[in-house]
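Same chain, two partners: subunit A is paired with subunit B first, then with subunit C.
Here is the complex of A and B:
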């Protein structure tokens, strides 16, 4: 475990080294993320100027949920996102060969090696949204203490779902379709489960459980008796980990590298 | 002595489909894909002893790189058994991966946008190399490769030769027991090629590790390896010492004559010795059996205006070219297969 922490620290060093090499791109990413946050929160705020509730949630609750999902998205952008695009490229070009030679978990090297420092600069902004809208939604001190753990739990489930989907690239080779599918699923997860119809909700909870990313945690924070979805989320993290590692091993055996 | 690499009936089959060109071909390929199987490596057997320097030789698409990828565990064999340092490579044990290194001349393992030293520090963590060992090895390798002043420069700013040296450095940092080199000198100029070869020879002398190399440059093979394995169409066609390989076409030497005036190519004298003329017809290279060299040379000296002549052993390129033109000279049915 210490070895992996040491490696991750080096990934961070390399990410800083790379980020400071291309300064303009670095700041453009910061600005792009801020635009994204503003458009998501602004559009929902606009809807609440005309209605008082969506489902059972009021404006503060709904904006807190969106802030929660933006925080997950921010962590995802900072620590994961770029790796899926790199994976698609490396798979086609055969650069993965070197990754599979290293005496380190190949999942770790494929999906956690590239870190986007620019997105980290925006983390304080999403934390501010969380605190601001969380206070408005009536969260207490204990809730705010619990919040980082729930965020990590949500990030785990995102990572597992996306790694399982990305593993399909071993068969498909071309990764753009898979990566666009991931992005669409992120859009699905960005809304609470009650906005979906019965069958869509079942599909995205049990078969492709992207609705387990944010809704269970937020529902639990709003109402402590609503803990069953959170238990389902915890179970899903363990179950998906099992599926992910097995499926990955199977995918590795399919890997054919690229001709030199 | 126990073998460090054992391959028995190693086979790798790839599946691909044929697609007709144009729009209709693209649309039709959505539902109709006539797949065909290609045996990139077919029933390949080989044993390698610790400390050997071995060359895998063969034309493009012969299966050399595929064999290396199976030996390093990157791809899984379709059939057959393979053991490298006592491990099944495709199981990718951590201990196994710490003992091997692979350098691919056409693919980079260094991070493009950062200095090479940052990549080396990352490799130090991957391979759990102590700070003391890392410092020592980095100093030793960078001085052998003469790249001490290149370590802190962004990789994308380096020349191909400099980059290749740093690729080698990256692969040797963890002191691997076996080093697989897949065309390590490809695209390099003659001086850079020689530098790399010298480094490999020096390193092997110091560490006695096993080195397996593939290259299209015969100079690499001749300089580095005593043993040569020829692969054509995924099968082994020759396995033995280089001296023996050069004698596949018989015990011959190349005798080159320079003439003071253009010669008639039709003369019967040289027709039996595969003459290779220059454009002006003032120079001819003949492949002459060892036992006839004296007689042939005397004959030509007596009958033609020879200004200069020289003899050399049969170049390995020439043997390769002949075998590729006529693979039956070697291989399962050939006279020299071992």
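Here is the complex of A and C:
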């Protein structure tokens, strides 16, 4: 375990030096994220100028949910996102050979090595949204203390689902399409589950459980008697971890080096 | 005219590239548009669900709102599908050195790629439109406005292409051009009314947007397709003028970028 922490510290060092080398890209990422937050929250705010509720949620509740998903997205952008694009590139170019030879978990090396420091600069903005809309939605101190744990739980599910999807690249070789699929599932997850019809809801809860990323946690924060979906979310984290490691091992067996 | 053969051959080469990985093409090009539509369809159905059957939001009934987003899907597929990933890579990895000695310019090569993409995307857009028509989500306008929309879509796709081209050319200066491309897509998607119709925006904001090309990129053609407004000839000039402006900027950026280019490894 200490070895992995030491490696991750090196990854962080590399990320910092890369961030200071490409400064324009660094600032553009910050601006891009801000525009993204503005477009997501602005769109829903415009809708709420014409309606009082969407489903059973009012403006503050809905905007809190979106802020929660933006926070998950922010963590995802900072710690995971870039790795999936690198994985697609490495798979095609044969760089993966060298990764698989190292005496460290290949999942860890493939999906946790690249960290985007620029996205971390926007974390305070997302935290502000969470506190602002959370207070408006009537959350208490205990809810805010619970919030970081729920965010990490959600991040775990995102990571597991996306690694499972990324494993498909072993079969497809050209991985950009898979990365676009991943992004579209993020799009689906960005809205609460009650927005979707019955069949879509079942599909995205049980078969491709992207709706378990945000809705159970936020529902629980709004109403403590709604704890069953949260239990399902916890169970999903364990179950998906099992699927992820098995599927990854299966995918590795299918790997044909591009450089050999 | 002597270049026509080269253009056709290059378009053939691009077709081969686009269709080499068909599933990848589907997931990358058509999938996002369909998922975006699915999410919006679900969201708006839920928003109207608790309201009365004839209730309106910003002048839209549920059917009108779904029709708006149905047409938005079609217009986006006709005009905004093309994303050039190769352009910036060609610059960054030094591949443009080859184009500099070819008898076929860099811009010609990538414009041929854009045309090849459009010839693949348009039939898919028509098929998608037919499905939406079959399920009565959208309704066909009269023949003349419909043809007008198709011509406008050609104009808009060139505008989109020049903007994408500009984002790619920035690779002369930037390590990662995808950021600019994504930034532009986020802004354009929001301000063109792809997520929420501009009728729902605050009045001052939507009035301000009329001075930009964004409303013409999606909102306006969708409203024409729905029969809410008539197609005015000045719109073609506005779109053509913006395209020309960006084409001139592209030319200048290319010239300045070439002065920086060192052709490493040659």
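We adopt the following convention: the second predicted complex is superposed on the first by the 259 of 260 C-alpha atoms of A that agree within 3 Å, B and C clash if a C-alpha of one lies under 4 Å from a C-alpha of the other, contacts with A are read in each partner's own complex, and residues count from 1 in each chain.
In this section, contacts are C-beta pairs under 8 Å (C-beta built on N, C-alpha and C of every residue); 3 or more make two chains touch, one makes a residue touch a chain.
Please read these numbers as outputs of a predicted model, since none were measured by experiment.
A.B. asks: Once chain A of both complexes is superposed, is A:35 in touch with subunit B (first), subunit C (second), both, or neither?
C.D. replies: In the superposition, A:35 touches subunit C alone.
A.B. asks: Could you say whether A:6 touches subunit B, subunit C, both of them, or neither, answering first, second, both or neither?
C.D. replies: After superposition on chain A, A:6 lies in contact with subunit B alone.
A.B. asks: Once the two complexes are aligned on chain A, which partner has more residues of subunit A within touching range, subunit B or subunit C?
C.D. replies: Of subunit B and subunit C, the partner in contact with more residues of subunit A is C.
A.B. asks: Is A:14 contacted by the first partner subunit B, the second partner subunit C, both or neither?
C.D. replies: A:14: touches subunit B, not subunit C.
A.B. asks: With both complexes overlaid on chain A, does A:257 touch subunit B (first), subunit C (second), both or neither?
C.D. replies: Only subunit B; A:257 stays clear of subunit C.
A.B. asks: Examine A:103 and indicate which partner it touches, taking first as subunit B and second as subunit C; both and neither are also allowed.
C.D. replies: In the superposition, A:103 contacts subunit B only.
A.B. asks: Of the partners subunit B and subunit C, which touch A:135 in the superposed model: first, second, both, neither?
C.D. replies: A:135: touches no partner chain.
A.B. asks: Check whether A:181 is in contact with subunit B, with subunit C, with both or with neither, and answer first, second, both or neither.
C.D. replies: After superposing on A, A:181 lies in contact with subunit C but is clear of subunit B.
A.B. asks: Pick one for A:25: touches subunit B only (first), subunit C only (second), both, or neither.
C.D. replies: Second partner only, subunit C.
A.B. asks: Could you tell me which stretches of subunit A are touched by subunit B in one complex and by subunit C in the other?
C.D. replies: Residues 22, which sit in both footprints.
A.B. asks: Can you name the residues of subunit A that touch subunit B in the complex?
C.D. replies: Per the stated touch rule, the residues are 3, 6-7, 10-11, 13-14, 17-18, 21-22, 93-95, 97-98, 100-104, 106, 252-253, 255-257, 259-260.
A.B. asks: Subunit A touches which residues of subunit B in the complex?
C.D. replies: For this pair, the touching residues of subunit B are 14, 65, 69, 72-76, 90, 92, 94-95, 97-98, 100-102, 104-109, 111, 113-115, 118-119, 121-122, 125-128, 154, 182-183.
A.B. asks: Flag every residue of subunit C that touches subunit A in the complex, lowest number first.
C.D. replies: Interface residues on the subunit C side: 20-21, 23-28, 31-32, 35-36, 38-39, 42-43, 45-47, 49-51, 57-58, 85, 173-176, 179-180, 182-183, 186-187, 189-190, 195-196, 200-202.
A.B. asks: Which residues of subunit A touch subunit C in the complex?
C.D. replies: Touch residues, subunit A against subunit C: 22, 24-25, 28-29, 31-32, 35-36, 38-39, 42-43, 46-47, 49-51, 53-55, 172-174, 176-178, 180-181, 183-184, 187-188, 190-191, 194-197, 200.
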